[in-house]
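First chain written, first letter: the chains are A, B and C, and each begins at residue 1.
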Amino acid sequence: MAFLHDLLGFVINTDLLAEYGWRLWAGLVMTAKVVSVSVCLGFLLAWPVSLARMSQHLVVSRLASGYIAMFRGTPLLCQLYLIYYGGGEFRPFFNEMGIWWFFRDAYYCCILAFTLNTAAYQAEILRGAIQSVPKGQVEAARALGMHWTAIMRHVVIPQALLVAIRPLGNELISVIKASALAAIVTLLDLMGQTRFVFARTFDFSVYLYCALIYLALTETTRRLVQAVEHRLSRHIRADAPQKVTATRPVARMVTGSTAHSSPGTP
Amino acid sequence: MFRRVVLGLVAALAVTPVMAKEWKTVRIAFDATYPPFESVNPKGEIVGWEVDYATELCKRMKITCTFQNQDWDGIIPSLVANKFDVIMSSMNITEKRKALVSFSQVYFSTPPVFIGPTGAPADVSPAALKGKTIGTQSSTTFANYLEAMYKDSEIKLYPGGDEPQNDLKAGRLDYTLTDLIVGSNFVEKVGAGCCKVVAEIKRVPEYFGPGVGAAMRKEDTDLMAMWNKAIDEVDADGTFKKIADNYFKINVRGK
Amino acid sequence: MSWYALLFGPDGWIGLLLRGAVVTVALSVTTVPFGFGAGLVLALMKMSQSRVVRGFCNAYTTFFRGIPDLLALFIVYFGLQALLDRTSKLLGMSGHLEVSAFTAGVIALSVVVAAYSSEVWIASLAAVPKGQKEAAQSLGLSRGQVFRLVILPQLGRVALPGLGNIWMVLQKDTALISTLAVTDLLRAASEASRATTRPLVFYTAAACLYLCFTIVSGVVQSALERRANRGYA
């Protein structure tokens, strides 16, 4: 019994929150900033990369594939180290170009690394989504004389985006989780503040509070994405509501069909 | 039959007395990011002055010592959780740490210094460093000192002991606060041309304590006694000075 | 010093990097049976009749899929240490229960991989036609035999793509272990770059090695999928 009590005491501690709670909040704000900026920029970057990947020109297509393979095939931590520490080695060069201020700051380095990484994943998601639109639609649109940009804008992209919502939502959750790596390059996001508090207090419960906050973040995001997808796909979902209210058994037997009929509809 | 075996085992475990531990093998932990005290060589071995000193102490105590690399942030919790037995990693003796672990006698004591770029002025008062970025290792006495005294400067904390100096060289920091020996070693070997030791500061006792000691779990009093005895022995016959002269030009003993 | 000298010269660090690469591969490979196996057990438990068991498994999966892998590794690593320490005190052992950093890393990774792979296993279990299980049971096979001889072989084929994705994630997650004092490839690169202050060389070398692992994994996975799918349209 004492063993359990001791273990539990190791795990929960409320004085900690009173003293260091503000740090966790500051960390959460920083995490939200880093994640939102990276995901948005990544989304913008993913479009040209994805289109390049699907292009007919061999060089362009290969370049895009290479970029995607590199950023999906190596750990994000390695990419972050390369940009942050590797960037330091290029300081004279950057100074000359006048962009050293960017690589000097851990915040910008993190954003760059996360953006490049998520753009690669999002490009693959977009490619899958665009290729899932039936080719017949594109051919029909072309037969109608629509220009390529009009086809993309009116036919392909609306349908592709609908397919892409769920994987993109998963990618957003992935970035929220991956952002914890920023702590390793001195950025004081949620994970960084947690490590700081642990180093001060040696109290394990701070890690659990941090976990609960991340859990709240990811669960909220997941449910939001689910709700958005649910709403936007209401016209094609299998269990979409039909225009029927009560179907009287007699009417069914008489007409002999399972077609819906209701007093009000024509 | 099976039940009897289980009962027998339980009985044996229950009556096994907690004997005073026979220290034959001792595991020592270092945060090997602190040259010349401890660092990793290309072969992956932990080397440095503290490693040599620990080897000598173990020879006197006639025990086998193994060395482990451990991140600084988790070094005290890992000691308490029995991942190793001794920390000999330039750990300053402070009241807060004494609440968790016990320390041997001081075996060296050196002042902290600010490292900065070559043209930096010698004034390192909190007013002079207002708005500047100062880096140091997290969970250290240096970090506590900076947090308390340099409230107007931006403090950046790094997981490793050599990282602040590397980032200073890369131009991300204006100053770093570190140990005199570590800082001079950096300026000599790696930071040549970019950086210099700007100023030494006093070892304010409430932040830095009396000096560096070996940390052990509170219950391992016999190991502590062995360690203190060995430290005295190595002092007495001049071996301490011999090992120290291999690495340092100044007297670090602190006594 | 030139890149070549830093890596391959007499004081070159390539030995440390390659040893780190071996540790990375060893970590991933060792985690596979434990992580995927635990995931399968978790998936089977989620289909149990008891609401408590299902609730526990769902909570476990939600927790470890919802928090950053880095945090999960920290929690399991430090929590494991505390648990072992208190258990050995409870048992009155004068020695101590100890796990190496490598083992702790494998345990931490397995815990995370089990949570991810349980979802893949559930989808795969649903994909095996129910009729197979019913036919096997009507032939008089015990429940264990049904699972081992009939379901499991078919499960592998369906689960392979999903598990392949998790394998890729696992390989990159081993890099996170570098923050916990296991000298894997990324930590070796960190140590080398800190000692020489030439991070670009070593992190590029590490990235190239990781790319090699990814390419080899991709080839092996395609081969495995082709073999598993032989006989199917």
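Some observations on this one:
The rule is simple: contacts are C-beta pairs under 8 Å (C-beta built on N, C-alpha and C of every residue); 3 or more make two chains touch, one makes a residue touch a chain.
None of the values given here were measured: they were computed from a predicted structure.
Among the other chains, B has the CA centre that is most remote from the centre of chain A.
Centrality annotation: C (chain centre taken as mean Cα position, compared with the mean over all protein Cα atoms). Mean C-alpha position of chain A lies 23 Å from that of chain C.
If each chain is reduced to the centroid of its CA atoms, chain A and chain B end up 42 Å from each other.
The distance from the centre of chain B to the centre of chain C, each centre being the mean of the chain's C-alpha atoms, comes to 34 Å. Touching of two or more other chains is recorded for residues 85, 88-89, 184, 204 of chain A.
Multi-chain contact residues of chain C (touching two or more other chains) are listed as 78, 82, 179.
Residue positions 77, 159, 166, 169 of chain B each touch two or more of the other chains.
Those residues of chain A that touch chain C in the shared complex are 3, 6-7, 10, 69-70, 72-79, 81-82, 85-86, 88-90, 176-181, 183-184, 191, 194, 204, 207-208, 210-211, 214-215, 218-219. Looking at the complex, you find that chain B touches chain C at residues 13-14, 16-19, 21, 32-33, 35, 39-44, 68-71, 74, 77-78, 80-83, 159-160, 162-163, 166, 169, 190. Every residue of chain C that touches chain A in the complex is listed here, in rising order: 62-63, 65-72, 74-75, 78-79, 82-83, 86, 90, 171-176, 178-179, 186, 189-190, 193, 198-200, 203-204, 206-207, 210-211, 214-215. Contact residues of chain B toward chain A in the complex are 73, 76-77, 100, 138-139, 156-159, 166-167, 169-172.
Those residues of chain C whose C-beta lies close enough to touch chain B in the complex are 11-13, 15-16, 19, 78, 81-82, 84-85, 88, 91-94, 96, 98, 179-181, 183, 188, 191-192, 194-195, 197.
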